[in-house]
Every structure is written in structure tokens, then in C-alpha cells.
Amino acid sequence: MSEWFRVFRQGLGIENPLTVLMIGLCATLAVSTQFQNALFMGLAVIFVLVMSNVLISVFRKAIPSEVRIPIFIVVIASFVTIVDLVMKAFVPSVYGVLGIWIPLIVVNCVILGRAEAFAYHNEVGLSIADGLGMGIGYSTVIVLLAVIRELLGTGKIIWFDSTLISLPAGYAPPSLFLLFPGAFLVFAFMIVGARWINERTEARKEGPACRV
Amino acid sequence: MGRSVFAGGVHPPGHKESTAGSPVQWAPVPARLVVPLSQHLGAPCAPVVGKGDRVERGQVIGDVDAMVSAPIHSPVAGTVAEIGTTLVAGGQRVAAVIIEPDEVQDLASFVPIEASDDPRACVRAAGVVGMGGATFPSTVKLTPPKGMAIDTVILNGCECEPFLTCDHRLMLEEPERVVAGAVRIREMIGAKRVIIALEDNKPDAAAALRAAAADGIEVTELPTRYPQGAEKQLIYALLKKEVPHGKLPAATGALVHNVATAVAIADALESGKPLTERIVTVTGAVARPGNYRVVIGTLVSDLIEHAGGLVGEVERVISGGPMTGMALGSLEVPITKGSSGIVALPKGMAAPAISDDQPCIRCGRCPAVCPMGLEPYILATYAGKRMWDAAAERNVIDCIECGACSYVCPTKRPLLQLIRVGKSAAMSKGAK
Amino acid sequence: MRNALRLVIPVLVTCVLAAAGLAATYAVTAPKIAEQDRLAEERSLQAVLPDATFTCLEDSRIQADVDAVAAPVDVLDTFYATADGAHAGWALKVSSRGYGGPMVVVIGLDTSGSVTGVTILSHNETPGLGTKVITETWFLEQFPDLEAGFGDADVRALDTISGSTKSSNGVRNAVAGAGRVFSEVLSGLDLSGLEGGSQ
Amino acid sequence: MSSVGQLALLFIGAALINNILLTRFIGLCPFFGVSSNMETSIGMSLSVIFVMVMASTATWVAWEFILAPLGVGEFLYIPAFILIIASLVQFVEMYLRKASPVLYRAMGIYLPLITTNCAVLATATEAAKPGFFKMNIALGASLGLGEALVYTLGVSVGFGFALITFAALRERLELAPVSRLMKGTPIAFITAGLLSLAYVGMSGWFGL
Amino acid sequence: MSKSVNGSDRIVGPSPHIASSATCTGIMLWVVAALTPAALWAVVNMGLVAVQLLVVTIGVALGTEWAVNSISRKPQTLLDGSALVTGLLLAMSLPPRTPWWMAAIGAFVAIWLGKLLFGGLGHNLFNPALVGRAFVTLSWGGVLAGVQNRGWFATLADVSAEGLDTVSGATRLAVAAADRAASGGYGFDLAAQYQPLLLKNLEGSLGEISAGLLILGGLVLIVKGIIDWRIPAGYIGTMGLVSWAFGSDPIFHVLAGGVMLGAFFMATDYVSSPMSKKGRLIYGIGCGLFNALGRFIGPMPESTTFAILFMNGLAPLIDRLTRPRVFGVVKTDA
Amino acid sequence: MDLMLILKAIGALSIIGIVTSAILATAAKRFHVEADPRVEAVLAALPGSNCGACGNPSCFVSAEKMVAGDLAANACVAGGQSVTDAVSFILGADACASVAFVSARHCGGGDRAVRAYDYVGVRSCAAAARLAGGPLACSAGCIGFGDCVRACPFDAMHLDERGLPVVDLDKCTGCGVCVKECPRGQISLLALVPETAPVVVRCNAHDRVKGRKDNCSACCIACKKCERACPSDAIHVIDMLAVVDYDKCTGCGTCVEVCPQNCIDLFGRGTGIDAVAADGAGASLSGTASPVDAIDETVQAGA
């Protein structure tokens, strides 16, 4: 159990796919204009990550390593398609915005990377931990980014038709935060924040810098 | 100014007025001479005299059997007090023969060099080296590599460094000796063309040379712009030929000698006189600035004293010109064959104290003035960040170290100094 | 060959299972998706012309004319609306360009050609910015002021939302296009045979 | 049907005005990953142009002749396209490695990275199945192969242009005394943000 | 500790031992001086609002520079004059009635995000003043455009409540653009605008008040050797040519909007423009082309800011492609 | 109806799957290239997702670079520690093996060395050494601009408050880069000494003793007190400078105590003494209860 928890926690902090590893950026920046969308995106990624990790982990002995990549890709793509169809059917308003980004989850390096690096080598339980940890780590960042951008850029946070949080009326929201440049800028400072926290906690131990 | 002579370049204030009009006069022989045994690029000489030996003016006191070298002669009659070491202007500590001169000196007479039918052997025996500052043994230069035909001899009288007027006075006072040197070199090389080039800020010298010029010797005035006297830029200005990257200037068919060197060559060939003295411009914040004929080995402190001593607050004392010369850490260094001037820069005239954390504001002045078409700002940055490979890739080794970049830099970054570090690192890497 | 089979078969199995699974999922969700689309369309049509029934005009003869006058926007569908059995007006589903991509705007017109309502069916605008064309209700509400026979200049005279100019222009262009389609094509259309046409 | 002018507009729109990296946020991983080195960026750009064109052709054919006729495209296009692209890239890589080591060094080594580049999937999907990407291209509901290729070429050239521009900027950034916390990726993001600020100025050109 | 010669401290430093009189601060002050006539003319004609804008942007720019340097314990760099130039340029690029808080945020963003984060003067990749201006434009574009009708002391609430629903401000350029979009022609005589644009034009930003004074300042900088003529020449020349090619009046388009401020003062920013002569010409042409295209085929009436930012982004690439030929090196295709 | 759809779907994806995998299977055979087995092994250990986060275009290139030694084994951020360990294992433990030498500075001048002149210019030893013989009156001393510190690939050096480079012996690998970088490295200002070296002479002057003290108050004055005091005949004044013979030195510390100039320092890996003793040997001796014990431990550990 402690091993399980360790793997799970790794994804959240010291090996966070976004702020530390810098992978899976595209969708992150694109959909993080709204808390609501980011949350759905995060859920979609968690679903795909956990499910593909489970499946690959279960069948890892049956997958020849030469063709593992095509197989992983098909597995991942299938789960992505399922998310795609389900979202379209049940939350069409969210799908309207996330539409193009759902298919692109397939090529999110985080998922393929975890399938390769973790699920293919570990048993199911740990793979679930890894998928959950990575997925939640990813989602936390994307949701946080979205909250910052939405709050700064519109002055309020919306959940479907209701307003969750609203800044004082005097606030003139700079819409730059909703535009593409704003995404880059806010994310840059989130990385700085993550670095700062990691440095503070000194969680990430330097590996031996071997040079012959 | 209007003519396109070479790309880049700067126009630092000349400051030549105070000495340009002062005729060359002998500086007295001091009580003690320190004659370094390495006054040239190449192998240092070994002493051939010992402590207590009696030496005559012109007698060989140091020699070495190496291709790239030149013997050293005693500049005076006197006694060897010691074979020791001395600091030279460049900061190195080198072996030196310390001579106590006789009370009475006959500077007109000398021990002539061993006569020889080979003019190149005479030039070597007379210890002639490039007197513009590079101190490259002249014999080597006069022996071009096989297969390289030299058709043009250029005598460099540009003297583009501010403050210095020693070559100017030489050309003005002894034009016939300069021309004689030109003729001798032409004979030796078998060149078709001889050009004596000088900047247009010395019209009197140009007129004197023209009057003295023998058949077929051209006297060309070039626009005044620093570094007109740099070998590659001079060849380009006169012949419109670029010295190819990584090749000797001889590859353009041109051979460049300083006018003072030419005179020394003429002296060696015509009267067997070894190189034991030179004209030195002593200027700046000294009481009596002027051009002095100085025996080699005279200490800078003695020379400055003869020029009346330093006046006011002197921030730097420079051996050579202010653009390429070396600041002296101590005045107890001797005048050598390559010392063209001693410039005492008063406070305010010297470059401000620079520090390397000044930012480059990318104003574009340094690439604009670089006569070699380099980008000094980036070379300096690479050198500062120890990115030797990147500096090498941007041709750092082509830098001629003229200092035009540092001169114009508005934030006063020590560009040239950084580039020098990068250049030597790149060269030592390349040599490996 | 054996080796090749060893490699191909797992891929094949994966493909077969994936295809089967997806086809099944699709079979389950497809009706739901179609229903969602239909509902959305229905809602927007109702919003622009309340209490009417709509018939999609599937007349290839007028399509070329419509395309010609509508440019630069595209008319996706033209609906013939009836209320209580009488001709009540038109609804046009128009695709226009906003900031983030195409936006589909539904415009309702009464029989005289004046605008009865405008809604946005789908869009890809930046949430919180381009979407102000929906959330700032005054914007869409200004269109019903357009009188019969309005022209491009009248539409251009309407206000845009500052900072969301491109999204606003997308809607304005769609409405202007619809106006042109009405005056050039629909107003001169022979309506006989349309009444009671099946949807 | 489509005139040269329209094709040119399609190209410019795809390359600059709707630049895939700086205005669409697609393909950012390599944008930040390999842009720290100019040589790598150039190699990557060339490879992306090459792969995108090939991938678009392949997916266009697959859509037109297999997926669409069978009516299974709606739900199979994601696994089908990614499978095609991944295999294609791997094939080309193997082929290059064997056939031309020189070309492999110059280009082939970037190929694996491209598999997981969402720009390729997005572009190939858009080429086969226009509208997916919502790229404001006004050429009708389906593209001919020629149009699809012009479009793909535009996207990939725009990708390369932005990548190389960014690599040149980062070369300068390397020399700047950026504070420790900002050094590396954060300042690169800020640079990208400011660069994308400049691209905002192009939005709406030609009504695109 | 050092030995002295003649009673004074002697210094040993690297050659060259003399330096030109040009200094960074001197250059910056020349730029400020060249902008001063236009700024003063704006103050004379617009009065207090212009003074307020100038004070706020310059004050915040200098304050930010000082504060950030203090917090990060870096040497103070206020004296190099670059923050002063940035503040002044930003003020010149904003409409005079820009709310004070907006101008202040712009100045802060310009100095901090545009310059200091990159490592300070000499390391910023984009012109700081334009970064600040673009930030303000994209954040509160509508407010900025309609700001003519709103007071300097407009509060946040005023702006958010009523500020966002106005039609874009009607500068001469915007009117021209609207006319062109509507009818392909112009509702007014462009040639009649030359004189007001050159001498006194109270529409638009502070820097649009007099193209004539800006040209004068720019020419002084060129004559003083502070800016390279290639950038403004390439910029304005291309701008005129493209305007002419689009069948419009080149002189009007060159004089109107931010072209003169951009061409002489913004694009010529040393740090964010290419270094080589050829590169600067290309860069100037690029700025002009982008700016003109933005006007004729883009949705916004003006695009000077984005044109120069775009070319700033390209500057390192241009530099790379236009490296000077090294003496004696025969150029081969690299 | 649904069955038909499923069959069609299976058909479509299977065709694509078969075609692609068949092509790949054939290609794998036909285009097989022999590669360095170590590269293959490292490549297998890497995640293979080709994310590019290490700055290299693909895992293959990274593997090649790791094998060649151009890329650290811990460069793969996506793989984390487990991959680092695996790669280190493949590349062999000797990649991180300890080395026998460390760098030592033979100068204690710093702020006690007299300057010949005021130096202005780049704060780089290499640059300063070119000007009039360097700013120090002593031509063999440490200029103190820290070229060695900047050159150290292991971040094992720093300049202390006296302006002298101090070696962190725990980090020093004895690679010798600092010695090469030092403009006076050829005259042994910085030199590699055995990592078990217990003492080090902090002076590098070989010129005449007369006047040496005018250049630097911390210099060796060749008084030979250490030579006489040394119980194991391990320190001698050679060419006007005390030199330790590390083969004989037992680390007793006698020389450190007798040196009137305090120019012999305790030294030793693991004791961190390079930094402590640098304040002056006397101070460190009185300040710490048992520096000699520490040295003994070092010696024993090294023996």
C-alpha cells in the first residue's frame, strides 16, 4: 500500500507531467480558459490514462515489444473515442468547446509515456496508482490554470449557467488572460511557482551527474 | 574620408600636434641599460657574453640558432653588469643583459655586422625586426614561402595610432633613407611595384617622400582612419585584395614593412649597422613631449625623466599607441626594438574604468566599425560565457585586435579583452 | 513469416477488439447525439420564431441563388415556418466566421422580412470573451429592431461588443446575409407547394 | 473550383494567420522541447513538413476510400488515423536509417518525436475531415487531395517558421542573465507569449 | 595598495586605452530629447491629461525598475535612462485620456515583463514599451478605443460598467478604414489631412499629435548617428509603397496613426532590432509591410504595435541570416 | 443493423491494422541496422515516448549521447530516477567511480597578496594575467577572479571572502579542468594532489626569497622550520619553496603548527578542511578540538 501511495504521489508533485516534465501542453493551454472546461478535460485525461494503464498492464506480457507502440496507440485512441462519443452525447455544451481537443488526447505524450514507462513494466495496482497520480496531477494544474485565467480574465468563475465566484464590480478584467498570450504568461508563472515549491521541499533529489 | 578604403574603422582624436613638429633628438644614454634577450616574436636569444665582459656598441650579445629569431646587439660601449631578468612591457619576465655604459659614448660609430653577399643574412645579422610593434623578424618576412610570388612591396607609414609621430618624423626627416630601404627590399624580393603608403594627415611627409622617391616608387596618401596601418586593411586599401582567411598576407602578392624597418634594412645593407636604437614618441602628460632617438635598453622611467617627467594626474602609461599599446604596470621596463611610443594618459583622457557586467545594448556600433567584418558584441559575450566553440564558429580568430569595437562601445564593455581571451582559447583548442 | 505473424496478430486482435468496442459505444451514443443535435436546433428555432413549426427547404433550385447572395457567409438550412397553419416567416441557419472558428447563427424573419430573433446554435469563441455575444444579452436583442427591408448598412450601424469585435461581426455578417437572402431570393419565392411539406 | 488565389490564401492562412503553434496551441511539446537548439529546430521543421504531407495524404486516402464508404469514420477516425501516422513515421524512419544514413542524421532522428506531435494528427485529420479543426478555411465541406496538401503544406511551413523563429529567440535568451527561477522553460514561455502577442496582430487578415 | 606614479593612482587596463565619448545614458537622453518637442506640443494642446499620462507612465516605469532591482538585490539601473525612454514611449503610444490605472499597469508590464524578467537592459527580446502597449490594447481594447469620451479619472467600475459597449473611437484612420470597408473609397479628402497630421492632430494617441515634430526628432537622431536610417527608411518607404499599391494615398497613410512614432522611435530600439545593416533594412521593410497589410486587409485600423512586435520576434533570425561577411572569408553556403 | 456496423468497423480497422503492422514487420527485417548494443540497451531503458523534454529530438539520440558521455544519465526527466538507475547500470558503475586525485591550490595570498597596480577590465584571471604580468606583485600567486570556479564542471569550487578559490573536496573528481583553466596552472598554482593528501603548502613562489614578503605577507619564506620539524622527512624546501612528499607524509600536522607564515594548511577529503583551515592554520587548530584526529581518520579511511 505504501508503494502504491508513493507512486500515486509522485505524479502529483515531483514528477508532475505539466509543471515539471512539460509534457502534454497543448490542450492544457488551449482549454484552460474556463474552469468548467478544464475540469472536464482533466476528467477525460484521468479516465483515458487510468483505463489505458490498466489494460496495458493486464496484457503487458502478451504484447510483443516490437509492436507495442501501435498497440498502445490503438488502445489509447479507443478510450479517447469513447470519451469523445460520451461527451458529445451527454454534455454537448462542454463538447462544443473541448471538441477538437478530445481527439488530441491521443497524442498527449503523458499518456503514451506512462503506458510505455510505467504500465508496460508494472502490475495493475501500481499502474492504476500511476495513472491516477499522473492524471490528477495533470488535472490539478490545468484546473488551477483555468481558475486563474478565468478569474483574472472575466472577473468571475462560471459553472454552466451559475456564477461560482465573482470579483468586485470595480474590477476591469484584462481580457488578455483569455487570449493565447495570456495562457503562456500565466503558465510561465505557474512553472516558476512549482519550481519554487519543489525547491522549498527539496523533494526532487538530484540524480548522480555521471559524466565519463 | 570619402574614399572606400576598408570597411569599418574609427576616427579617434589624433593628439599628434604636440609632437608632430618636434624634430628627432638623441635621448641621453642612461647609467644603466637593460637589454632584454627576447625583443621579437620567436625564439628568445641566449646570452653570448658574461658578467663583467666588456662590450662594444654593435657587438652581438645574444643570439640563437633558430629560423624565427633575431640577434641582439649591445647598444652602447660598456661593461656587462649582470645577466638577469627584466619585466618587459608585455608583462612577461624575460632574460636580459644589464650593461653599465661608459661615461663617454660615440653613438656615431659601431661594430659593423659580418659582411655577407646574401642580403637576407645581413638583415638577420643586424637583428632587424618589424618596428611597427609586431617585432616579427624581418628576414623571415623577406623570405616568402616557395611558390608565392611577391609583386608589390608596401611600406607602411600610416601611423594610424593616435599620439604617435615617430614614423611621421622619420619620413619627414629622412625620406631618402626610407626610399633607400624601399629600393633594397624591392631588389631582394624582385617585386615590380613599391608603394609607400601614409595617411593624408601627414602631407609634409608625403611631399618629402615624393621629392626623394626614386624611379617607380609610388607614394600614396590614404584617408585618415584607424586602423589604416593594419596590414590586411592596408593591403586592401591599396590593392583591393583581401588576405584570405587563414593565409599569410603574402598570398595577395604583397609584402608590408614598416617605414622604420625599411630604414633599418637599408642601414644594415649599406653600412652594416645593427639595430640598436629607435625613434620613440614620448607624449601625453609629460613636460617635454617629443620624438627621441633612444638606445635599446633605456628604461621607460629614464626616458620619461628626460622628457621632463610626468605632469599632473597620470592614469595610465602606455607603451605603444593608446589603441593597441600596453599599459605599464611598472615604469622599470626597457625600450625595445618594437617600442614606438610612450604615452602618458592623464586622468579624463584615459578610457573610464570598465567592468564586465555592463550590458550590451545591441546598438550595432561595434560590428559597424570592425574592419574584419566580425561581430565583436557576440564574440565578447561568448567569451564571457566561456562558449569557446561558439566564438570560434563566429571567426573569433580573425580578430586583429585593433580595439575599434571597445573604443566605440557606449556601455564601455571590455570587448577586445574578452575577445582576446576567447581568441586564445579558440586557438589553443584548434591546435589540439 | 512466423515472426511476422507473431507481430501482426496482437495488433490485429487489438484492432478488432477496439473496433468492436467503439462500434458498440457508437451504436449506444449515436441516437443520443442525434437527439441532442436535434434538440439544440429545435431550441434555437423556437427561440427566434416562437410557437411555429418549421419545414426545412430542400429545393436545390434556390440553393445556388442563396449561396450567391449569402456570400461571404454560408446558409446551411432554410426553414419555412408556419404557425397555426399559416405562413409565419423564415428561419435561416447561417454559418459565419467568428474569432475562434465557424459559428452557426439562426436568424428568424417574419413574412415581411424583419428580424424576429437571433440565436447562436454553435460556436468556438473564446469563453468569457467571444462568448459575450451570448452573455451580453443586449447584443442579440438589438437585432429584432431591424425593420423589413433592412440592408447591410443598417446591420453595420448596430453596435459591436468592444473587445469582441470579431465575434460580433460574425453575428452581424450572418444577419446581413440572411437579410440579403430574404430580399433577393425568399421574398420572390413561389410559396405554393411549400405549405404542408414534410420535414 | 479553387483558383490559385484561393490556394495561396489557404496557404497563408494556414501558415501565418492561423499559425498552428502560436495561435492554435497545437504542437507545443516540440516547440518547447527542441527549440533550444537551432540545428535541431531546422531538422525538426523539415521533418515535420515531410511527415505532415505524407500523413495527410495517407489519412485522406484512408478516409476517402475506407472509413467514409463504410460509414464508420465518425467513431473510428481517431484510432485509424493515429495508427496510420505512427506506422508511417516508423516506416520512414526505418527506411531512412537503412537507405540514407546522411538523411537519417539530418531528418530521421526527429521522426519518432513527430509521432506524438499533436500537430500532425490535427492537421492530417483536418485535411481528411475538414471542419474538425475549425480552421476558418472556406473551401467547402470536403477538400480535394490537392487542396488538402496545400493546406497541410501551409500548416507545416508555418510550424517550421514559428519553430525556427523561436529557436533564434532562445539562442539570444541563452545569453541573457535571466534569474534562476525564470531560467529555461519559464522565460521561454514568456517569450512564446510575447511572440504570440505579435501573431494576434494578424488575426482577421483577409477575414481569416 | 597600488603603487603610484607622480602621486596619482595608476591603472592597468586592456587596450584600447581611450574610448569614444558615447555613453548609454547619453544615447537614451538624446532619444528623450528627440521626443520632447512632440511631447511638449501634446501637453500644450491637450493640457493636463497629457501631463498626467506622462507623469504616470514615466513614474511607474522608473518606480518599477527601482523596486524590482531592489527586491531582487541587483544593482540599480535607473541611471542608464532606458526606463525613462520606455515610460515616455509608452505614454506617447497611448490616448491622452487613458485611465491612469491602465497607463500604470501598462508601464509596469512594460518594464517588468518586457524587460527585467529577461535580465534587464540589453536582454529583452521585444520592445518593452510595445509589450506594455500591446498588453493594454489586448486587455482593455474596447475601453482604450472609446476612451476619448471617458475621463482620466474613470474608475474601474465606470469602465467595466459602461466602457465595453462603445463603438471604436473615431480617429481619422479608423474613419478611413470604415469608409474603405463600406464603399472602397473615402468619405473625406485624404490630401486635406496632410497638414493637420503633420502639425496638429488631436485624435488618437499622444504620439499622433504631430508627425512633423516626430520626423524632426527622428532626423536629429539619424544625423547624430544614434539610430540607423535604414529602419525608418525601410519602414516608411514600404508603408508608402504598399499603400500606393492598394490604391490609397501613401502620404496620408505614412503620416496617420503610429507610423512615425513606430518607425523612428519604436522599431529603432537597439535591443530588439537586428544588428547588421542589411538586417536593419530587411527589418524596416518587414515592419512597414506588416503595418500596411494590417491596415488594408486586417480588421483593425492600426497595427503598428503588432507589426513591430512581430518583427522584434524575427530580429534574431534576421541577424542570423544577415551576418556580415568576415574579411578574407569567401562566403560559402552554410 | 448494429452487428453490421460492428463488422464494418472491425473490417476497416483490421485492414488498416494488418497493412500497417505487416509493413512494419517487413520493414523491421529488411531495414534492420546493426547498432551499438549499449545504445540499444540504453534505448530500451528509456521511456521511448520521444517527448523531447531532455532537449534531444528522440530517445534514440539521447541514448547515443548517453553512451558517448555527452548526456548525463539523469537527463531523462520523463523517466525519473528509475530510468537513471537503469542507464547508469548499463553504462557501468565506473562512470561514477571515485577518483584518486583532487585539486589543491598552492597559494594563500588572496587579500594578503600585494597588488602591483589597479586592474580594470574583465574579471577573468586569463585576461588579467595578460596585462603587465597580472595585477599581483607575486607572479606565481592566485589572481582570484575565479576562472577555475567557472570552469569546474562539478560545481565543486567557490571563491571565499578572501578572493581565493576553495575546493569542495566531496564534489571534486580530480578531472583537472581547473588546472588547465588556471593561467598559472602550468606553474602548479592549482595542482592535482592525492585525495588522501593531509596537508598542502599554500604558496607557489619560486623567485628570490628576498623581497618575497613585500609581494605577499602569506608566502613561504623558505625558513626550513617545517623541514626540520617533520618527523617523517616528508617536507623539504626545494627551489625556495616547501614541498610535501605525499608518499611519506603521515598527516601528523607538525609542519602546520611550526610554520611561522601559516602557509601550510590541513587538507583532506571528507573533512571539509579546505574551507575551514583556509582562515589560517593556527586559528583552525585552536578552534577545533581535534583537527588532527580528523586527519587521522581521513588517512585511515584512505589507507
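Think of it as A, B, C, D, E and F in the order they're written, each chain with its own count starting at 1.
Note that in this section a residue touches a chain if its C-beta (ideal position, glycine included) is under 8 Å from a C-beta of that chain, and two chains touch if they have at least 3 such contacts.
The structure presented is a predicted model; accordingly, all values stated were derived computationally and were not measured.
Seen from the Cα centre of subunit A, the chain whose own Cα centre is farthest off is B.
A centroid comparison over C-alpha atoms places B as the chain most distant from subunit C.
More C-beta pairs touch across one of B-F and C-D than the other; that pair is B-F. Rounded to whole angstrom units, the spacing between the C-alpha centres of subunit D and subunit F is 44. A separation of 85 Å divides the Cα centre of subunit B from that of subunit C. Averaging C-alpha coordinates per chain places the centre of subunit C 70 Å away from that of subunit F. Centroid to centroid, with C-alpha atoms defining each point, subunit E and subunit F lie 48 Å apart. Counting partner chains per residue, subunit A has residues 22-23, 66-67, 69-70, 74, 77-78, 81, 85, 99, 109, 112, 173, 175, 179, 181, 185 touching two or more of them. Residues of subunit D in contact with two or more other chains: 29, 33, 72, 75-76, 79, 83, 87, 90, 115-116, 134, 175, 182, 187, 190, 194, 197, 199-200, 203-204, 207. Among the residues of subunit C, those in touch with two or more other chains are 7-8, 11, 14-15, 18-19, 22-23, 25-26, 124, 163, 166. Taken in their complex, subunit F has these residues touching subunit C: 2, 5-6, 8-14, 16-18, 20-22, 24-26, 28-29.
Taken in their complex, subunit D has these residues touching subunit E: 38, 164-165, 168-169, 171-173, 175-179, 182, 187, 190-191, 194-195, 197-207. Subunit F contributes residues 116-117, 120-124, 126-127, 129-135, 139, 150-151 to its touches with subunit B in the complex.
The residues of subunit E lying in touch with subunit D in their complex are 72, 113-114, 117-120, 123, 125-126, 131, 134-135, 138, 290, 293-294, 297-300, 303, 305-307, 309-310, 312-314, 316-317, 319-320.
Touching subunit F in their complex are the following residues of subunit A: 10, 15, 20-23, 66-67, 69-70, 74, 109, 112-113, 116-117, 205-212.
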